[in-house]
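Shared between the two complexes below is chain A, which pairs with chain B and chain C, respectively.
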Partner chain A sequence: MKRPRLSLREQPLPGGQPLAFGTGLAIALFVGTLLLLGAGHDPLRIYSRMFDASLGDPDAWAITLNRAVPLGLAGLAVAIAGSMGLWNIGAEGQIMAGAIGAAWVARIGGDWPGLVLITMMLVAAIGGGGILALGPAVARAKLGVNEIITTLMLNEVAIRLVQWLIHGPWKDPDSFNFPLAPMLPDQARLPTLFSRAHFGLLIAAAVIIIASVAVRYTAWGYELRIAGSSESTARYSGISLPKKVLTVLVLSGAVAGLAGGVELAGTADRLTETISNGFGFAGIIVAALALMRPSGVAAVALLFGAVQIGGQSIQTLGVSSSVSTILQAFVLFGAIGAGVFSRYRVTLDSGPASTPEEAKS
Partner chain B sequence: MTQPSSPADSGQLSVELTDIWKTFPGVVANAGVGLAVRRRSIHALLGENGAGKSTLMNILAGVYHPDSGEVKIHGLSHQFRNPADALSAGVGMVHQEFRLIPSFSVAENIVLGSAPSIINNRQVENDVADMARKYGLKVDPAQPLWQLSMGERQKVEILKVLWRDAQVLILDEPTTVLTPSEVDELGEILRRMADDGRSIIFISHKLHEVSGICDEATVLRQGETVAGSLDMATTAQDELARLMVGAAPAIAARPAAATPGKPLLELQNLSAIGDRGVNAFSDVSFRIHAGEIVGIAGVAGNGQRELADVIAGLRLSNNGTLIMDGTDITAVSAHRRFQSGLAYIPEDRLGVGLAPRLSITDNAILRVYRQQRRGPFIVAEKALSYCADLVKRFGVRSGDPDGPIAALSGGNLQRLLVGRELDGKPSVVVASQPTRGLDVQGVKAIQDLLLDQRNSGAAVMMISEDLDELLTLTDRLLVMEGGVIRGEFDPRTVSRHEVGMAMLSDTQPSSQS
Partner chain C sequence: MNEASLIGLLFATVSFGALLYLAALGELLAEKAGVLNLGVEGMMAIGAVTAFIAGVEFQNPWLALIIAMLSGALLASVHGFFTVGLGAEQVVSGLSLTILGLGLAAYLGKGYVGLPPGAELVPVEWGRLSDLPWVGPILFNQAPIVYLALLSGIAVSLILSSTRLGLALRAAGESASSTDSAGHSVLGLRLAAVAAGGALAGASGAYLTLSITPQWAEGVTAGRGWIAVALVIFGAWRPSRVGWGALLFGGTLALKPRLQTFGVDFSPIILSMLPYILTLLILLIISVQARKRPSPAPAALGLAYRREER
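For the complex of A and B:
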């Protein structure tokens, strides 16, 4: 009897990851077709709406790009830590911390000129995210405390902090008792590039490019990759691991914080409970699909953004939002599943001839 | 070589392995090995590290597939696809590293993987207790595993195999985790199991224990059976030692002895704690002079790896002083030691010496990237040309310099690693198992590089399990056993047998390994 076996390829298939992504998309579309048919919808109509709403025209592109900005920055945050084998699960909270920092600057600097105000808001956002990551970073670097747990738990702290602020001290007096922070002053909004696409796109692109270059071509990034490949090798070559862990986790938090600041000043316009909107968790997926390479997050974030925007758009056609969530999940499943085949090959193993003894058992 | 012949008085054979061949990339682990084990007997499988014992037993237990050869259990031929196949044919193995779950109870660990879908804890615990009592294994089935000593955990592993009704039990170096009194107890337990109709294969290199416990012995050396089914009652211990380490050595053309210069590395009463929390080695003192290769012989796990790590600065010593070229470096970091001329070729090439997920170039520049910076950047051309130079000079057969290092063969990995370490013109070279697992050309290339270092005036320390290599290559030979230097020999005059006995000496049986 032939049985399939997986064996490790000596080298991953070239272009395996884009191929995997395409395969994942195809699988998702196929399963989605069945799902939509089962729910009594016309798959073609749904799919064309999804495409039109996300990538059909410049306005659609603008919305998708605005979504890709926080996804890409959050993905980058996770990927920077991931390059060193660290897991920052706290991007969600760090986004909120960044948004709090930016909102605070907007409150105290309401009469500053726009350029100064926005710059200071983004600096505060970076600081907010970095500060939230500082605790887990120190604990991991000095005491070896698992950063997955600490960063995850701080998400909860950050959301409570936002809730307290918008129910309490920062509540908009004109909000008719709704828990909302006041709108940002006009000069605190990021300028738009085209349609509704805001300036955050350029910020995110610049940060992703800088981080990719830094990880790939600088001595700092080299040490990061050595440590991510093997801690023992890093120690062997004289790289200070605690220092590296500390800076990388704080930097990861800072990038996530920047995502919060950009989202606040670019899209949200006020601090709300849903400011982070799951971007921090989606960022983990983005980073994983980019194989923890900063250079890969932009493309993944764009595709992920398109799927999200497309999925939301079909709710007006009476399709439940769960369907779009299920589609996203299938893209992920398919891409990760297909990714396995870029690293492993399948062989049909003609198993050893079974003896009578084995045939019985 | 010699095929084991079944003893004339033998009862039924429970295990017959015939002409087993197994090759790993670059290494022939088993070259036509044979083994015959009688029912109701305890059979010792003896041999030095790398003799092919574990490979052979992993084949018998279904972990590896042999390239060729026949496996017969109770007279029936088998081809195991996995350990579960082997278990269903009645072969179970207790590995050196225990595979137990600390938070589970003893009973839960034992039934894990073979439990019915609904577990009646009380029932299982009673059954386990009955079985334990039958063979004299003193464990409490309800106790959580993490509370158990290493010796007790081993009993759990044995019960796990018995629970699956194994008729043939393989124990891989079972005494390394035991205290002397526990070893005696284990002997009694094994005897009861043999009397109950089972067969036990006992892998070991500690001769005195084997002679107290086992009925017969098969000796492997360099992947071949050198003696099959010797009767332990009539075979002398030093005869076994001679079989294990080989006959009178044919000493190859020894490189001309260099005249040693001043001491470059000096250890004074050095001690360090191992990963198990007990001393890995203690009170080690010796000197290595310029232009001298000193070999450290010994069976793996007797403190050599930790000793090398301490000298390289990757592990802290808890006592003693380390002096390099007149300077006390006991408290100096690994990187500083490298900078002042100490090269280290670690035993774990891909996990310590190289970064497995990075490219060949990235690995080549590990020691020099700090000098290849321009601003924050590493200059790519410098890195590439350095890598190309290293590859060329040390004969590394590699493809794409941007390809992953892990794609290189063992010999080429080691050429790159050794070349990189020696490129900085070190004054002291510490090499831990530098030729292990390499093919003939690889071994030769690495040995030549180390000899070149000696001839150009470096102090070289070489840890190896290959006694032949040490005897032909080194100027002085130290034997390490139980974390202590057991003796110093002149490899030009000492007999293989003498060194072998020192390596296997059990003057102070140690509970750690």
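For the complex of A and C:
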């Protein structure tokens, strides 16, 4: 019996990753068409609406770009850790810690001049995310504790911290007892560039470019990538792994924190439980689709942002938001699968003894 | 605090404990075989919604439970296909599975939101045992899934510790290549463990909508899948310890809505952080101890296995 087998290609397929994303989109479109037909909708009308709402005109682009900003920064955070073979699953919580930091500065500095206030908010956001990542970073660097689980647990702690703040100490006295934090003062908002696109776009672009250059072209980045590909090589070449792990994970948390600060000052009017809205988890997926390369994060975040915004827009046509969630999942699985096939080729094993079990029977 | 409210608290502790235990046992099985599945929340949601729908359509709670378990196993197999079959990153695939499960559950359950349940798993009557003071209402008045959770815990424990299958399963999670050399199919073992884990997560979800809150609403799983992931670590990958941990974490879930009625001035939100903080502490303790003795974590956890790369 012939059995399919995966074997490593000497070279990944050229253009494999765009191809992977495209395959994901195609699979999602196909499954989405079935789901939409099943719910009695006209798929063509829905898809054209999705496109119009996300990429159809400058206003749509603005909304999509605003979404791509937190996705890109979160993706970058994960990719920085990923360049070294570390998993930061805690971007979701670090985004919230960043938003808490920024909201705290906005509370105490309501009468500061706008530029000072916003700068301090973003600094606090970076600090908030970095602090939340510090524990997992130290634990991983000093004790070898798996960072996947520690960062994952801290997500759940951070969301509850936000809930506690807006149900308690930070509850708006004018909110008629609703658990809502007060609105940000006007000078705490990021300025807009065009339509509704805010200044965070430039911040995210700058940070992504700096990080890409740092990882790709500096000695620091070179050491990082060596440590990511082989621990023993890194050790032989005298790279201090614990120190590297510590700085990289804290840096990763700081970038995610920045995403929270930018999201708060750019898009949200106030600190809410949904300030992160799954951006941290989406960031993991963005980074994975970008093959953990900081330079690839921007393009993936833009496409993913368009899918999300397009998905939201069709709710006004009576399509349940679950359809867009399912579409996202299919983009992901399609891309994961296609990503594997861009690195591996399928061959058919012939011969009877392809596995020991078969050899026995 | 009076006797009745304390009994209520302990009753809820046991039932939430069973809920968490089922899902955590499933995760434990998958992790023991070397597959980290972060899709527990999604599998629970699928179990919850399919159980509720089947209950409404067929009016048979046991059929509903079976359908929920099959659905959970089916969804888990998506993760199995990508991570075990194709060797994709387990973290990414698992998180995607959560998104897929939550989305599918919302889509399937759209027409069932707020409907009265068609079938419920009613508490088991244990005769005289149920009439005992304290013990009766707390332990012998629970829904049947609670006892099934206990049985599953014992079964998983026995299978892992004293059967050839369990040995092979653990070997697949410790060293895939030597398992392969010993003539076991690593792929088969891992796929089976992931699917069985999905079935248990599905049963856990079914317990929610067939008994605890016999209704369907989006978000009914409320992050409990993540607690289950934490529990496996908290219990150091041992079914019995995971069981005690489930009672402890179940206690925090049970206590949360009762804090105010007990007159305790403590934020229920801060209380709900407790399972995660405890898990972090345990994780630290485990790794400090790991300097003297081997870590309880399966050595090959999270690693894909491709025969030609060994």
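As a convention for this text, the second predicted complex is superposed on the first by the 341 of 361 C-alpha atoms of A that agree within 3 Å, B and C clash if a C-alpha of one lies under 4 Å from a C-alpha of the other, contacts with A are read in each partner's own complex, and residues count from 1 in each chain.
Rule of thumb we're sticking to: contacts are C-beta pairs under 8 Å (C-beta built on N, C-alpha and C of every residue); 3 or more make two chains touch, one makes a residue touch a chain.
Keep in mind the model is a prediction, meaning the values are calculated, not measured.
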- prompt: Is A:Y217 in contact with chain B, with chain C, with both, or with neither (first, second, both, neither)?
  reply: first
Query: Which one hits more chain A residues, chain B or chain C?
result: C
Message: On the A-aligned overlay, A:L193 touches which partner chain: chain B = first, chain C = second, or both, or neither?
response: neither
Task: Could you look at A:Y236 and tell me whether it touches chain B, chain C, both or neither (first, second, both, neither)?
output: first
- request: Check whether A:L202 is in contact with chain B, with chain C, with both or with neither, and answer first, second, both or neither.
  value: neither
Field: Partner chain(s) touched by A:L35 [first = chain B, second = chain C, both, neither]
entry: second
Message: Just checking: does A:R160 make contact with chain B only, chain C only, both, or neither of them? Give me first, second, both or neither.
response: second
Message: Between chain B and chain C, whom does A:A288 touch in the aligned arrangement: first, second, both, or neither?
response: second
Query: Between chain B (first) and chain C (second), which, if any, makes contact with A:R225: first, second, both or neither?
result: first
Field: Doubly contacted chain A residues - partners chain C and chain B
entry: 355, 357
Message: Give the list of chain C residues in touch with chain A in this complex.
response: 36, 38, 78, 82, 86-89, 91-93, 95-100, 102-107, 110, 180, 183, 185, 218, 223, 226, 229-230, 233, 267, 269-270, 272-273, 276-277, 279-280, 283-284, 287-288, 290, 297, 302, 306, 308-309
- request: State the interface residues of chain A toward chain C in the complex, per the touch definition above.
  value: 5-8, 35, 87, 89, 135, 139, 143-146, 148-150, 152-157, 160-161, 163-164, 167-168, 281, 284-285, 288, 320-326, 328-330, 332-333, 336-337, 339-340, 344, 355-357, 360
Query: In their shared complex, at which residues does chain B touch chain A?
result: 65, 76-79, 81, 85, 88-89, 312, 314, 333-336, 338, 344, 346, 348, 350-358, 362, 366-367, 369-370, 373, 376-378, 380, 403-404, 407
Field: chain B partner contacts - residues on chain A that touch it in the complex
entry: 10-11, 214, 217-220, 222, 225-226, 228-230, 232-238, 351-355, 357-358, 361
